[in-house]
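Chains: A, B and C, in written order; residue numbering restarts at 1 for each.
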Amino acid sequence: MPHTEHIWRNVDAVRRQAPLVHSITNFVVMNVTANALLAAGASPIMAHAREEMAELVNIVSSLVLNIGTLSAPWIDSMFLAGAAAHERGIPVVLDPVGAGASTLRTTTAAQLMERVRPAIVRGNGSEIMALAGAAGATRGVDSTRDAHAAADSARALSRRHHCVTVVSGPVDLVTDGDEEVLITGGHELMPRVTGMGCTATVLVAAHAAVAASPLEGAVSGMAAMSAAGSMAAERAAGPGSFAMHFIDALYALSEADIRARVRVGRP
Amino acid sequence: MPHTEHIWRNVDAVRRQAPLVHSITNFVVMNVTANALLAAGASPIMAHAREEMAELVNIVSSLVLNIGTLSAPWIDSMFLAGAAAHERGIPVVLDPVGAGASTLRTTTAAQLMERVRPAIVRGNGSEIMALAGAAGATRGVDSTRDAHAAADSARALSRRHHCVTVVSGPVDLVTDGDEEVLITGGHELMPRVTGMGCTATVLVAAHAAVAASPLEGAVSGMAAMSAAGSMAAERAAGPGSFAMHFIDALYALSEADIRARVRVGRP
Amino acid sequence: MPHTEHIWRNVDAVRRQAPLVHSITNFVVMNVTANALLAAGASPIMAHAREEMAELVNIVSSLVLNIGTLSAPWIDSMFLAGAAAHERGIPVVLDPVGAGASTLRTTTAAQLMERVRPAIVRGNGSEIMALAGAAGATRGVDSTRDAHAAADSARALSRRHHCVTVVSGPVDLVTDGDEEVLITGGHELMPRVTGMGCTATVLVAAHAAVAASPLEGAVSGMAAMSAAGSMAAERAAGPGSFAMHFIDALYALSEADIRARVRVGRP
């Protein structure tokens, strides 16, 4: 199981290696996820034109596919980029925003799982359950299920697709279908800021680019997220100032912060 | 006429009911309006693919159509979503950004008025005058007319389309063509932050989802906006910090804040 | 060579004249560049529909073309708007984001140089070198070259296209192919915030709309950027708070701030 020293090693490796992370993502979170990557020491690139997918994937270290504001041409580019990433062997991280809320989202996410074979999928409980085919509808893009209720779906999804699944919630769950890791930290203000889930996804992608395994990258990315969230909450007067302090915290995050603020353990 | 207790009741109802608000909106303000909705206690969803319009409108409590960065496929989706919302009887709020500045914007806004029949339209003086067919050009997307000068247009527009019209300005005007309400509050920094008008629109949509009537929802949404703006201005050193404190203020807004900072009255 | 009094005159002229700046730009930076323009006293408009390009360009004072998240319909609109701007004689500023990273970006930027003939092009060292056809690849959208190494490319580009070229870096370089100006200021946090380069571009466009010449507008826009960056860094605890203080600083910027914080000189 990844320990604090692995988390810190990856936080530090992102700063030293500055992995280039390509996101095909939704309009709402482009700015905030780019800023999170920069604050963490990574280098973001956002692009969606099919003409440049293969070329760009060729120079990046990981790829994020986020279905938050889908449309047909963007879906095409996700498959193109995903195929190129799979061929190059770089980690692909899928964020199935709103899976379960519409057929377009559920179907696209399922097809991306099948055809792109992402190394990691990160969603909230509702989204992971929808993707695993479990009963229970998504309410818009915000989860109505907690991490524990979705654990069965996460395990099933990981086994079926040989991927790591992350379920975000008050306690985050990371599983490869076999091993399970729980991450405790963060703050209740986080779901009151748009794009915090999508930010977790890009941090996981940055960590996956430098980590020893997708499981380790997923755990350390989520742990960095939790530690920064906990630091930001201490200074925040509400979700507006939280968002600002969160970026500062990602930038300042130390090994001591991780030790003090995040608990990583078994269920 | 809506009084302070109605305003507070709606602020509180948004927090308790967390209405899901669907926006088909412009790229510039997606992040900030999503954050405003979350801070106010509502739940935002942004989506524009025609394939998922009917399904998503089926699970939301109100719909925002904002024409700030139009293109043909987005216009199609606005009509699709608008028709579905009209059929379901949920409130549609139109934000005619830049109406009067180009034929595309003026025509699209006019057609949305005709065919979607929004419950509420909110714009600045220039936009409302353009939509009402009054003389006087819009200068880009920022208003060159104040709320008073646009009052005649607002009244005419409301009568013609049986809708509530909101004219934002130093003093906001809300009318259903018959009754007129003026809302005094806010701060002169607000027009120096992009998307404050669009934020007013989404707050009105969240309030309309829980209010007794579109008029009451429009008044209470605008009043919440004004109160939060007044609170933010006290802490701001400029438009950057204003934007952050505004989100915190929406989150913290109390009944006492509304009483102390907003004046709602007749012309 | 532009002196401090010219810089201040343009900062002040932007506040008094409030030039309307039209951007066809990338999704990541729309919000932040709109806020920077508003804080500086200008008025932003973002639009990309081909149907409204000619009409909108007809009412604006300058045009920004930024290729950060290209796709075919946006490229078409860039050429349409660029042609209309050229015909009207208003300044066009090109931001060749990621030129060199993909054929689509390099080719589009080169064609915009040829066919639109922008008055000013602003990029980082890698982008300017790619545009000038120099050897050396762009790494994603962040520069791997400093301003000095790109000076030869900048000079060549300006001479070939009769334009002003700006190379952003720790020291900014502005040249018309003949005269060269170096601007020292800013802060090392700036590249850790997404869209700071794109923000420089829109400030240059606002200044070009009021300046005596493109060279003077480019220098004063970059100098305002540097001064505000230096002011923001004093209050920032990281890139999150830097971004907020930067907007406040643009709003508050005084002649004394420019004198104290920016050095403009010859190589």
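Convention: a contact is a pair of C-beta atoms (placed from the backbone, for glycine too) under 8 Å apart; a residue touches a chain by one contact, two chains touch by 3 or more.
By chain, UniProt protein names: A, B, C = Hydroxyethylthiazole kinase.
Not measured: the values here are computed from a predicted model.
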Study note, to complete from the structure: Taking shared numbers over all numbers used, above half giving same and below half different, the chain B (Hydroxyethylthiazole kinase) and chain C (Hydroxyethylthiazole kinase) interface sides are different
**Study point:** Angular offset of chain A (Hydroxyethylthiazole kinase) relative to chain C (Hydroxyethylthiazole kinase) [C-alpha, multiple of 5 degrees]
**Key:** 120
Point to revise | Centroid distance [mean C-alpha coordinates] between chain C (Hydroxyethylthiazole kinase) and chain B (Hydroxyethylthiazole kinase), Å | key: 33
Exercise for review: Could you check chain B (Hydroxyethylthiazole kinase) for residues that touch two or more other chains and list them?
Suggested key: 27, 31, 243-244
**Study point:** Residue ranges of chain B (Hydroxyethylthiazole kinase) touching chain C (Hydroxyethylthiazole kinase) (in the complex, touch as defined)
**Key:** 26-29, 31-32, 68-72, 98, 101-105, 139-142, 191-195, 236-241, 243-244
Point to revise | Complex interface listing, chain A (Hydroxyethylthiazole kinase) residues touching chain C (Hydroxyethylthiazole kinase) | key: 20, 27, 30-31, 34-35, 38-39, 43-49, 51-52, 55-56, 59-60, 73, 243-252
